[in-house]
Amino acid sequence: MEHNPYLPQLARIISIKEEVGGARPIKTFHLELLNGHRFDFRCGQCAMISVFGKGESMISISSSPLIKEYLQFSILKMGRVTTALHEMEEGSIVGLRGPYGNGFPLEEWKGKNLIFIGGGIGLAPIWSVLQTALRQRDDFGQLTLFYGARTSQDLVFKDELKKLKETIPVYLSIDVKEPGWNEYVGFVPQNVLDKKPSPEKAIAITCGPPIMIKFVIKGLQELGFQDDQIFTTVENKMKCGIGKCGRCNIGHHYVCKDGPVYSWARLKTLPQEY
Amino acid sequence: MEKVLKKSDLGQWVARLKDFDLYGPVRENNHWEFNQISQLANFPEDYTQVNVPLKKILLPNREVLFQFEDNRNGGPYLQEVLPEEREVVVFGVRPCDARGIVLLEKVFSSEIPDIYFERRRQQVYVVGLSCYPLPGENCFCLSLGGGPFSTKGMDILLTKMQSKYFVEVLTPKGEKLIKAAPEYFFNPTDKDQQERQQLERKARAMFTRQIEGVEKIWPVLSQMFESPLWREESYRCLKCGICTYLCPTCHCFDITDEISSTAPLQGKRVRVWDTCQFPDFTMHSSGHNPRPDKASRLRQRIMHKFLYFVETFGDIMCTGCGRCVSKCPVGIDIIDILNKVASHGA
Amino acid sequence: MVEVEKIREEARRLLQEGQVRGVIGYVRGPQGVWAVPAMIRNPEDVDRLVWNPTCVHNLVLFVVEEKKEQARQKEPDKRPLAVVVKGCDSRAINVLLQEKFIEREEVILLGVSCENSGVVDKKKLLNLVPSQKIEEIVYGNNGHIVAVIDGERRVFPPEEVLADRCLECQANFPVVYDHFFGEKIKKEAINTSPGVDKIEKMRLEERRRFWEEELSRCLRCYACRSVCPMCYCTECVVDPISFAVEPTTTAEEKAKKIKWIEKSPLLSENFVYHLVRAIHLAGRCVDCGECERVCPEDIPIRLLNKKLEREAWRLFNYVAGMDSQAPSLFSTFKETDPEDFIR
């Protein structure tokens, strides 16, 4: 049978975890494909999740490709589809197609120090790389994580972060002061400038709100990072995932297939339409 | 293969194509459309160009991709829906529209093939009609490597002559159509050949609209992202979909779910036309819009056709049919814009 | 006769004195004779302004767009806009005033009389003469239209080339203006709406078939909605999403937005689209006819609005856009209003 790129596979939600409550809630979903189908992907790739009757949404996969038992998606409740996902229960069936996009060039980063810089829900795509690097610890140099959110409540993966601190340096931050918060108060880019990670043999991977990314890149450049040492992901509205529907382009690049991962060296040459 | 067909025999030949669904130009109110026909005696003298190009048959404005419904266990059940198997012959396709298919193939048949498009493409037989006189007041195919007698994307090209059609059979599919009634097709005489060549020469001399130096456009465009031209030219834009919906090469689409019942859930996932000219086209659900104004959307339309597509596929995504010019309610004129772009590089 | 030089003079003065931030008018378009809308911001550009029978567009649309644009700007230029308005266009201004979408001091109206004639229907004219040969289109005497073709003047009687709406127009000079150009010549409508007469005479079944045939062609390019100065809602029932999304809009609010209509151009959806639009224009449509002019599929959209215009007159003696002080039709209740439709 010919491959139909628009036909999703069915997947079951095997667990749902509430990460963040409040007005901008985030939940983490673990999905497994029905009928024992495989879903091979690379770090930084995305999948199109269907809630039948509501539509589809492109979400980055936050688990490591080395984990075969489930696919993890951390999803901010934002529109029609994500709201429906948030209302679903464990055991519900959704559609899944993909994976889409280029992914991070992990093979090229062997032996390097990886500096992860995330803001808000932007930790999700980074998490996949981080988890993979932790599982292939010998392949990489030092691992460092900077992560911030508006408030301590808005941080995702709180439990995992606590554990992570025992293995690698983790620099958390929140935007404004809160009682009981002993870590950095201020924006993520400032925290990075404060801690001065070395550009020596390093790769910085940053993901988060556009305004944060902009200042992180500026800060990294100040610290001596070259443009090809900085990687980020771009988010644009998508429908097909295969470079046909004409929606997510920046210049002649379709983010769904040529992105979402870009080195700053590459991204800065493209029109700023994201 | 070249043949001639007596004008009076056209209807006989078409009548022989019983195994096909036939489409041809049909007059509707003030314009022509490709509609299903049962016979075709001739191409009317006043037939110019159809309103909605041939793409409507290859990339219909609504394509059901699959159906979904809750099965008895409560989970969804998906049923793939592919285009029905039926071979279609379209008569009277102008060269610009046929070239449009060639450009659409680059998008839909490359990398990950789109099986809906591919299936329809395989089933469509294109019987073209060359352009003499020119069908539109804003025809400019000549500036874009096309021409009034271009055969790209066609299976057969007919040229209307004094008493006959000159028939250029271009593909095995074209041969199959001729074989349905071989007795009506004769070998052309030298005089037929001359008449056809003469018509083409005359047609090529008729163009009033052109782009000066099309080869200059894409290098110049790559430097024009921030140009004030986009704001100036788009001020009067209505944000409607006419220029793109009537374009033989524009192919942007949306995918949406249509529900016929909520309990139990039943519905269809469909692909529908969409356009970069609609303000919500690129709007994120957060409200952020990378192309927030008419200027950025006009720029996208021009850049996609004359820069991005060239960078990706080495070809310009415009066939010079002139519809977007003729049909724009506020006179936004791609030929005029491109000439302005070209003059920036001069 | 409207002297275009007088319009230019006034526009120049307004711009030079800085009284307005721009003049929305007509200029010669890229395809020669056919005028297009333009925003003139510099006094030295006012000579581009034209006035002739190809000035079909209702420029009030751009007043609406400017108003929306202003709302997005942090420090908008609050000076008024000058805008060239024909009779029907001026009525659109009145509706916007009635609905408090704009204030009167936000616009300086350069009213032009259509002088017992109207604007040209391009399709009608092109059926009579090929476009590329037309060098000039001007007003002649007694509502006639003069086209200069290959250096030769050809005179067309109004009923041959004027837009239907102009043939049916009864007040083809502005009802509200600050400056007036031309003469107020009261003219007799040639027919108030033969199209509606025809449809009203059809039997129900026939009428349904008529509209099915017409509306089945709709591509949902939304040109009719986009061109309409009355279709100014930020949130429209036909859009799958709302443009009124703020950073504070919650996901629930977005998800709750009911999808009234599918994006697919199915007959059922096309009916919903056009009927909803017609109803929302009842008592508001000023019959500028732009929706029908712009339709790439030649759907007689105007008939729907004309029918409701007739109903508004028949039931409530109401004509849209004649008086900026009058309450709008749908915001008014009178005890004498007919209610025999309630059963």
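Note that the chains take the letters A, B and C in the order they are written out, and that residue 1 is the start of every chain.
Going forward, a residue touches a chain if its C-beta (ideal position, glycine included) is under 8 Å from a C-beta of that chain, and two chains touch if they have at least 3 such contacts.
Computed from a predicted structure; not experimentally measured.
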Inquiry  = Please tell me whether B-C or A-C has the greater number of C-beta pairs in contact.
reply    = B-C
Ask   = Counting only C-alpha atoms to place each centre, which chain is farthest from chain A?
value = C
By mean Cα position, the chain sitting nearest the middle = B
Key: CA centroid of chain A to CA centroid of chain B, Å   = 39
Note = Whole-Å distance, C-alpha centre of chain B to that of chain C, is 31
Task = Starting from the mean Cα coordinates of chain A and chain C, work out the distance between those two points in Å.
result = 49
Ask   = Among the residues of chain B, which ones contact at least 2 other chains?
value = 254, 256, 274, 283, 285-286
Message = At least two partner chains per residue is the criterion; list those residues in chain A.
response = 78-80, 82
Message = Going by the contact rule already set, what residues in chain C reach two or more other chains?
response = 251, 254
Ask   = What residues on chain B touch chain C, complex-wise?
value = 28-31, 33, 51-52, 61-62, 137-138, 208, 235-236, 238-242, 245-246, 254, 256, 258, 270, 272-275, 278-280, 283, 285-287, 325, 327, 329-331, 333, 335-336
Chain C to chain B touching residues, read off their complex = 29-31, 34-39, 57, 61-62, 123, 127, 130-132, 217, 219-223, 225-227, 239-241, 243, 245-247, 249, 251, 254, 262-266, 290, 293-294, 296-298
Key: Complex contact set, residues of chain B against chain A   = 65-66, 68, 75-76, 78, 80, 82, 107-108, 111-116, 118, 225, 251-257, 259, 262, 265, 267, 269, 271, 274, 276, 281-286, 288, 290-291, 296, 300, 303-304, 307-309, 311-312
Task = State the interface residues of chain C toward chain A in the complex, per the touch definition above.
result = 250-252, 254-255, 257
Remark   = In the complex, chain A touches chain B at residues 2-8, 10, 50, 52-56, 78-80, 82, 93, 95, 210, 235-237, 239-240, 242-252, 257, 271, 273-274
